[in-house]
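Below are structures written as structure tokens.
Below are two complexes that have chain A in common, paired first with chain B and then with chain C.
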Partner chain A sequence: MRDKTMNIWQAGICLFIIIFANKILLLPSLLYRLANIEGMFAYLFSFMLEIGLLTLFIFLKRKYSHISFSQLIREKLGVITLKIFYILFCLYFFCKLILIYNVTYIFFKDLIYKNSDSFLFIICLLPIMNYLAYSSPRVVGRTAMALFPIILVVLIFCTVTSLISVHDIPLFFQSSPLKVFLATIKHISSFGDAIFLFVFMDKIEYKKGDGKKLYFFAGLAIIFVLLIAVAFYFSYTYTSFMHPYAIFETMGNIKDYGGLGRIDAVAVILVIILTYFQMSIYLKSFTISFKEIFPKLSLNYALISFDFLFLIVVYLLVRNLERTILYAESILPYFSLISFVLVPITSIVFLALKRRR
Partner chain B sequence: MKKLKKYLSYAFRVPMFLVFLFIIVFYGLPALGKDAEVDEFAIVTAIGLDKGANDEVDVSLLTFVPVAQQNFAEKYKVIKASGSSVLEAIDYAGLYLGREIGLNHVKTVVINEEYFTENASVEMDYLTRNKSLALSTSVICTDAKASDFLETVQKMDTESSIKVDDIIDFNNKFIYSTESTFETFYKGLYSKTKSSLVSFISLSEDIDEGVTVSASGEASGGSGDTATNNGEETQKTILNDGKSILCKDASKVALLDNTDMQKLNLATGSFKSGTIVIDDFSDDVFHNARLTFDIQNIDVRRKGQFINGHPVVNMSIKLYVKLLEAKEEDLEIKENIDIKNISKEAIDALESKVKLSISDAINILRENKCDILKVYTLLNNSHPAETKKFMSKLEDEQDFLNYVIFKVSPQIYSV
Partner chain C sequence: MIENVEKKIKNLKKEMHNSFDISDRVLNLDELTVGFIYLKSFTDNLIFSSAIYEPISSYKGKLSFEEIKKLIQANDIKEIKDEEIIDNIMKGAVVIFVNTSNKILAVDIQKFNTRAPSEPPTSPVIQGPREGFTEDIKTNIGLLRKRFFSSDLVLKNFSVGRKTKTTIVIAYLHGVADKKVVKEVEKKLKAIDIDGVVDSYYLMPYLISHPNSLFKQIGNTEKPDIVSAKLLEGRVAILLDNTPMVLTVPFVLLEEMQNTNDYYTNYIYASLLRFIRAIGVFLALLGPGTYIALQLFHYNVLPIKYLITIADSTQQIPFTPFIEILFISLLFQILYEVSLRLPSYLGLATSVVGALILGDTGVKAGLISPPAVIVVAIAKIALYTIPEQSAQITVLQFVFLLIGASVGLLGLIGGLIYIIAYLNNLENFGAPYLAPFSPFILSDNKDGFIRVSIKDMKTRPKSFKNSNLRRQK
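What follows is the complex of A and B.
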């Protein structure tokens, strides 16, 4: 039984890792393009929603500690609703996976792969993702736990060195609340990552007071994301929109290398580790959702279906940054209704039902 | 045999082993048959842009072709090509060389002064869009042809191992010059007054200072690989004396010399090393002396405020200096120079000098309507509503510096 669950520390670390998904590469530059430096507010609003989602999860977990989200839906809303819910979850996780893949692939293509095709990148990524998704949640959690110190040290290094090298002030008050609102809406799909906790609900060992640990990891990740965004905007000011890969670019802005050579390679290592975990966690969430839709099929079917779909969509969709941004800004925000409307409303209903009893 | 079979059956049960095998077969083996990347590329370390005939662009590439040898030597060559656009010209250069042009190692872009008479960012467009070129690539403006400049650079490298990127690498360290990259250029261009500074390096035959090399005479002028000299050797000098061109809307509005740059840098504080000189100084120790102080550190703080609707910028400058040279007739060192501090009179003289320098710098900026000091950002960030109101009252927003009052308070410390 223990192998099928992860403890709260492991869940917290996974939450920490997943919160970075799509927020430290393209997003700062895109938000600047839409709302200038006030794009920072888009981060703040979206993170408030993210914390709200996490709070709902913690309340739900407190009230229904040993029950899965799917069981809750089955009991309270019926099997048909359950299937609809989990089809939507599957879609959501798949779309998020495509977005993460697109962004990181284009990033690595620009830096490392150059003329190589997408297939080489897939070969490096897909087997490990599949393996982690095939393994039990504890394996994912333990691997994340083992690499967490490295992630943390590299993140602290990147953030501190980026902040130290800041020597400029951007121009404030050039945007309007409407622009900030539109920027938030357009990029809301980069947030709502805490939704994976709902899918993992019965696989997380939860004791009284464990909510604080989740808040701690989420808060820590949010602080890092915000610091990286601040370092980016203060480093590049007027030209922020010209620099697509925030964490890498902030490291590239460091003038005094102290003989370290390509210091920005540190950021690349961080992005590699984070990408593997983010994609694995989302794939794991996809397979769990798939199993809820087709309970009689084994995990292999979920993975094979995913791999086929993934290869087809990647072949059709992954071309350049322009297409990725179009996909992220015009299609994906609709899917965020699942994480920021559907799941919260359902959770509130479940909480209200429990209270009435 | 049995053991091997056992190992193989175990290995095939591990999915990662199969993936590894797949990669080896599909990527590893074909890679062995491919040419090495160094055989496909010509590595460019500097690009020169000149205006060509019939609205064409003349591109010069300081290139070396990597060859696998026992002794590693980079033999540079300047390759010239013309085209209707920079990209087309670079493609032609690749054609002339029979190799793909690799721009990943470009550290410097040299642009002929002619381009700065109009919007220079138009020709820079390809270089900015190209992902191989970092925005931290240095940009230099020169009065000579960029191709001649690169040929001299190539010669300089052969004769003295001094590279052009080494020459401008320290531009941001000294008070007499400024950092000049695509990044700094665009940061300035997208600011309120669209103004930026670009380093200016002269190439001449009759300068006594700078790095002098024996260069060939005027090149034949045609495209392709220029291998022959068509005349006698001449002495050409590359002089990076800190000159910069002040650009507005990516066009040159003024050429600033190193004394102007010194004044500007005192106001921005963006340097690490430099000197400040006071002439005809007299006190208890010196009489009509020229004192040269080494600037050890500078801390510039600016604060924007509005007084009765007028924008005021308070500049507090802390300058940490050390007297390192004194010139005076019959000068004798009578006191322990490590103990003797700078006199009150010297501090007063330095303060006046700093005030005067900054006043001159502001006048240059006012004259050219260029806000290099980022005064607009300062005022807008601290008082957005009042700044908006103030700007709306102006006939020409670009001229706003003329209406800003600067209060400079230097503090000199001896170290």
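What follows is the complex of A and C.
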């Protein structure tokens, strides 16, 4: 059961969720703080890199449709390189999970759980994440597929209501290209999510022409992120940096809309669903990477190891907005080298080797 | 050659522990002795006299075994082996043997008073057929046969239960049902080694892949029109003697959202009803849990007017919101159980006492708040938008109540995701439990949350395997 694969639609939905999820809360505000309204260009640059990563994946999948990324590394670069790669992957996914947990914890604590302890969030998130990570990729894909209509409807609702709240046009070109570049670099760790596809490579059914479907879902996610960022910047303009939770804040602008009441609560539901999925997909990626490092250990060891580490790190590091931002801007960008440097270069090496043969 | 008929009868009776309802007759005709043995409680005595005993006893001439066979005026006559005698007697046959032959005859004249097909209480309809299955398998087969004047309706029978030897019939449409599914059903049923089955529910754990799951994984109905529709979709029906409940496989959760009435009414209205049913399920599942979560954790999300109303009505309540809702839910469940088991006139009185007196007095005494009563009442009524799943939803309602009270909205959504993931793990006879939603099958969604016109349903469901996809051009 655990080895079953997911189809391309399910992979596309997972890609959609993972690209969209962690860019609509803190990121717009943080980018504004660093690069004013031009923070939107940071989004564009990072998304170009993301699409580049996706293109590489599709290229690899087309060339080596039935083998895993780990097999490719093992065959072309040897076992030691494989271990180093997957240790880095494990670290990357772990750090991403810590970042997502931090951001959403602060969000939930601020907005819907006044004075609740971190323990409450952990006992909600960990069992579901563990269950989904323990299940086969097919179950993860199907669950994402079952919830996708709800996610999409809520997202369209949020985007439309966010755009309705726009009442001003901010001044552009207040920031230098250098600032935009620095903002991009500092928050590059929020991108590169398509990396999970490489870990899932042999667990995704792929037929000729399926690449378009992946591009479609990635494109859809990017459009939604940009629309929400636009709605946020255009709603709060010069005070954007003071409003940390973009999607919630834009909807909060019109919280008593007609007879609908507090529609901003809808954004909370969306964030909760996305958080569960995003974290589960990353945990699944972590366990797959863990299994590559320790092939003889069962999946349970991967999950137990993760849970222990997660609890320790969460207990020591998180639960503070400033510390989270510092962690995201100073440590995590280095891990993005895995997404945007290590994997692309390796892929190019594979392709070059194939061409030479 | 059976030389001593009386001795044979005596031995047979001894083998059957001399039960009082075993009846025997011995007829001495010149050199021929004919022995009859049967159960008087389970055979038609009138037919026995007029169609079997009388023609043989009044025959003028020399009789042989073959002559006797010709004289019997019954339809179901067969020659049986010695070791099959007791089984045949137990199934209501008259067993006949003579002293000049070693051949044995069994004449099926089983008679048992059964009720006539009537509208089943579990699935009443506003429009459409009102016939329901009965406890008699022959009647049930007849009810199916009269809906298919085609040899493609295949019926296979065998028995299950070492002691009860209950008849099971598998029904499917040749050229429509998938052969592998039929074989798998047969294999699973034949592998059952139990002393007896008294209802089709006994068979369920042997047929499903997750027998310990809370969720129903096999379809069951008392209505022949529903079984016919399912056979036409390529499913396999399992009929068991002594129960009106017929099982159908493969089963997907969507079947519970569909109701017979949907197909006998306008499809747009039917789609609206399905949508309402889906809302009903969510209300029933999450209603009380969400109410508690909002009250305990997320009161700041509530609009101020609602918050004031709730605060006003709950400030004098001595219990915590969780205890309050749990108390009302338990009270409702107790009343439900009582009213279900009591005679109808007492059931009504219990409902009045429970709903009006207890509810009203509880609110006036300040023990429970009106919003809590309303929330529980809505959730409990919503349960019965899908009565077939009410047991499962009731259990989950209590689980979500606990989750809502302990961790709030995050836990409720997490629980919902867990259930969806769990249901995605379920697969029976190759049918994903949540199909056609996940995996998404566009053509099957024509009869999903919305229903299109029958004319537009060109294909059979793709959610499970069948031999012929096309239903109409």
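Assume the second predicted complex is superposed on the first by the 351 of 357 C-alpha atoms of A that agree within 3 Å, B and C clash if a C-alpha of one lies under 4 Å from a C-alpha of the other, contacts with A are read in each partner's own complex, and residues count from 1 in each chain.
Definition applied: contacts are C-beta pairs under 8 Å (C-beta built on N, C-alpha and C of every residue); 3 or more make two chains touch, one makes a residue touch a chain.
These numbers come from a predicted model, not from an experiment.
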Chain C versus chain B, contacts on chain A by residue: C
A:Phe47 touches, of chain B and chain C: first, second, both or neither? neither
Which superposed partner A:Asp110 touches (first chain B, second chain C, both, neither): first
Contacts of A:Phe16 with chain B and chain C, given as first, second, both or neither: neither
First (chain B), second (chain C), both or neither touched by A:Phe350: neither
Partner chain in contact with A:Leu125 - chain B first, chain C second, else both or neither: second
Touched partner set for A:Phe173, first chain B, second chain C, both or neither: first
Intersection of chain A interface sets (partners chain B, chain C): 120, 123, 127, 131
Chain B - residues contacting chain A, complex: 15-16, 19, 22-23, 27, 128, 131, 134-136, 172, 183, 186-187, 190-192, 270, 374, 376-378, 380-381, 384
Complex contacts: residues of chain A adjacent to chain C: 1, 7, 9-10, 108, 111-114, 116, 120-121, 123-125, 127-128, 131-132, 135, 138-140, 142-143, 145-147, 256, 261-262, 265, 268-269, 272-273, 276-277
Parts of chain C lying in touch with chain A, wherever the complex brings them together: 297-298, 300-303, 407-411, 413-414, 417-418, 420-422, 424-425, 432, 434, 437-440
Footprint of chain B on chain A - complex, ascending: 110, 120, 123, 127, 130-131, 167-173, 236-239, 242-243, 252-253, 255
